[in-house]
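Contents: one structure, followed by commentary.
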Amino acid sequence: MSTIATRSEPETDPRVRAVFDDIRATRKSDFVNNFWRSLAFDPDLLERTWAEAKAVMSAPSALDPLTKELLYIAVSATNGCAYCVHSHTAAARAKGMSDAQHADLLRVIALAAKTNQLATALQVPVDAAFDADRFDG
Amino acid sequence: MSTIATRSEPETDPRVRAVFDDIRATRKSDFVNNFWRSLAFDPDLLERTWAEAKAVMSAPSALDPLTKELLYIAVSATNGCAYCVHSHTAAARAKGMSDAQHADLLRVIALAAKTNQLATALQVPVDAAFDADRFDG
Amino acid sequence: MSTIATRSEPETDPRVRAVFDDIRATRKSDFVNNFWRSLAFDPDLLERTWAEAKAVMSAPSALDPLTKELLYIAVSATNGCAYCVHSHTAAARAKGMSDAQHADLLRVIALAAKTNQLATALQVPVDAAFDADRFDG
Amino acid sequence: MSTIATRSEPETDPRVRAVFDDIRATRKSDFVNNFWRSLAFDPDLLERTWAEAKAVMSAPSALDPLTKELLYIAVSATNGCAYCVHSHTAAARAKGMSDAQHADLLRVIALAAKTNQLATALQVPVDAAFDADRFDG
Amino acid sequence: MSTIATRSEPETDPRVRAVFDDIRATRKSDFVNNFWRSLAFDPDLLERTWAEAKAVMSAPSALDPLTKELLYIAVSATNGCAYCVHSHTAAARAKGMSDAQHADLLRVIALAAKTNQLATALQVPVDAAFDADRFDG
Amino acid sequence: MSTIATRSEPETDPRVRAVFDDIRATRKSDFVNNFWRSLAFDPDLLERTWAEAKAVMSAPSALDPLTKELLYIAVSATNGCAYCVHSHTAAARAKGMSDAQHADLLRVIALAAKTNQLATALQVPVDAAFDADRFDG
């Protein structure tokens, strides 16, 4: 059950087909998950979202691929996005996340959620020492 | 301005003093930031929170120290905790985060926030392929 | 499965019956959705919540009915309320939301979630030019 | 105070200059607000974020410009992003939002936040009638 | 700095005056805090919001006044509402909240934030034993 | 479906067994709910989380056990944690929460969510009168 009606043959639209093919080629897998199938109701939205996801998550960058997946899980869990927690935990595991790393991720994001709550409830004033201009200039 | 009254001499309490000394020793710095000063109104809460933070963030574990700071920033930004974003960005920079890594962190957490929003608005059903039991046997 | 026990015959309570009848009359439909059925465990809570929802969403006001539904979806998706996303997307569609408008809504709320994340992670200082007093006086 | 060090002359970088010039041309104003100035520390992030914001918010689309600003405010307030609430309320006012529309916006997003909370606390099961497949065929 | 222009003499409007007078009488204090002053730009919004706040927070009900303030702080901290955390912590203290109760509140809401994060990241399936229908018959 | 693979016999690990036995003894019940079963994949995480939950929720403290459960529900609903809302509503009911108290809880947390939204959308400046230093000297 979704807020968008299911398309039985989304790939009859050539723009959708092109994106799905690129997803398969990028991931070296035939599987196209429901997130992309849902977005296919609007080919422009599908194209732009996939282009950004591919650029950020699949291109080489300053952070390694597994770290990026862990960050994705951290944001998704904090936002309470069940779908995203599932899809990115599976992705992290596919990229080599061990059980020990998974547990460590959980320890850090649980601690962060806890101290976020404390800092906000106490309305702790920001220390002047944290000003970025003190580091760079 | 905080929701807790300022203590002018918190370290006259020996339990507070012991925690502050351990913070200084662990960080090899004289600086004790406002978060710990605010928590000092209740020594038990201070002790337990510091013990957990030290165990999770300072002890060697499956994830390296910089990755743990990046995860902390990701959760803190998603929760909208201004204090925590400031303190952990400063901590990440102190642990070597480059501008390129900072920009990459921003790209990933912004993309995650965006796709979290899309997945939730579309109520995308979770794919059976993401079930953890399929990975572990 | 809910946190409130199901009432098999909620309309035997005349206060509940009166609210359900008003819901049916206002919407010109026999359907009373689960949200109101759940609230029926406390007739006062049901009456007040329905009175507010009717006044805000059904009475003529400065914003048109479809715009109000789109705003409702925007808040509900951001809060991660699966039930509310479903019910208000159905309501928006019943009020004429097209697929193109749905896609545009998704583009805007996804962009907003993304730049909210960036602005919070960067702790961007508010420009003086945004002060409301500059516009009105 | 921000998490990124202030650049005194960001427009000496030609990529930053090009984006700022496009912001000024698009908005027919000399003013470039702090959000874009903060992002200028990474020209790629600046370019991509501006390109998306311009495409979604300034190009003609299925929703009118004021409705899109109201949706932006709705998401930003729900996410607790002070900067974004300020900047997009100013933008909405510049696009003609009246006090009556502002008050109506507040009524809807406050009601939505309230019923989101109720639906989540009650864990109301989603009605089958809300299934999108029932609407489209 | 607010998103609404300051009214220098809001009580020249008799509807605003009536609400402010009722706030003063209910609280037995001359002080009317900024939240109500901000809402005064729209007398209808002010009247309805105050009526609800008075009915819920000031009328005798199944929960005592201090417990209701603690719950208000819990929600406000979780939503990251700085204003509300300040105003309701002050209200709780005025209603007798001790430092020990304040610390206990912090312990509980910090633990809840932490285990919320864990349960969401793990996507723990809800136990059938928690079904409300099992309790009520 | 969870992000962690199911362990068929988690109590063959003596550390897991010890925690589960303590959960049963503390609650005087044979039932160990899924949250603890999920955490059992990492005995250290299980032990520390249970130790904190037991200390905060089961030990005598400045707030009574039912009030602590109500606060837990308030945070969990605001964070949108379906599992936690279910488990702590069941716990509150087991500790004596009446339907009238449940309805009152809902009234307060719904009002708080609403006024949080209003205060954030209006960016209401914090009154100097709320400064904690004014109360304590």
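Points worth noting:
By letter and in written order, the chains are A, B, C, D, E and F; residue numbering begins at 1 in each of them.
Here, contacts are C-beta pairs under 8 Å (C-beta built on N, C-alpha and C of every residue); 3 or more make two chains touch, one makes a residue touch a chain.
Since the model is a prediction, treat every value here as computed from it, not as a measurement.
With contact taken as defined at the outset, subunit B and subunit F are each touched by A, C, D, E.
Of all the chains, the one whose CA centre sits at the greatest distance from that of subunit A is E. Of all the chains, the one whose CA centre sits at the greatest distance from that of subunit D is F. One inter-chain figure worth recording: subunit A and subunit C are separated by 27 Å, centre to centre, where each centre is the mean of the chain's CA atoms.
We define each chain's centre as the mean of its Cα atoms; on that basis subunit D and subunit F are separated by 33 Å. Residue positions of subunit A touching 2 or more other chains: 1-4, 49, 52, 75, 78-82, 85-86, 89-90, 100, 103, 105-107, 109-118, 120-123, 126, 130, 132, 135. Chain contacts here are complete: no pair of chains fails to touch. On subunit E, the positions that touch subunit A within their shared complex are 73, 77-78, 80, 82, 85-86, 89, 105-106, 109-118, 120-123. Interface of subunit C with subunit F (complex): residues 1, 3-4, 41-42, 44-45, 49, 75, 79-81. Subunit C makes touch with subunit D in their complex at residues 1-4, 31, 33-35, 38-39, 49, 52-53, 56-57, 61-63, 67-68, 70-72, 74-76, 78-79, 81-84, 86-90, 93, 98, 100-101, 103-105, 107-109, 111-116, 118-127, 129-130, 132, 135. Contact residues on subunit C toward subunit E in their complex (touch as defined above): 1-6, 48, 52, 126, 128, 130-133, 135-137. On subunit D, the positions that touch subunit E within their shared complex are 80, 85-86, 89-90, 99-100, 102-103, 106-107, 110, 117.
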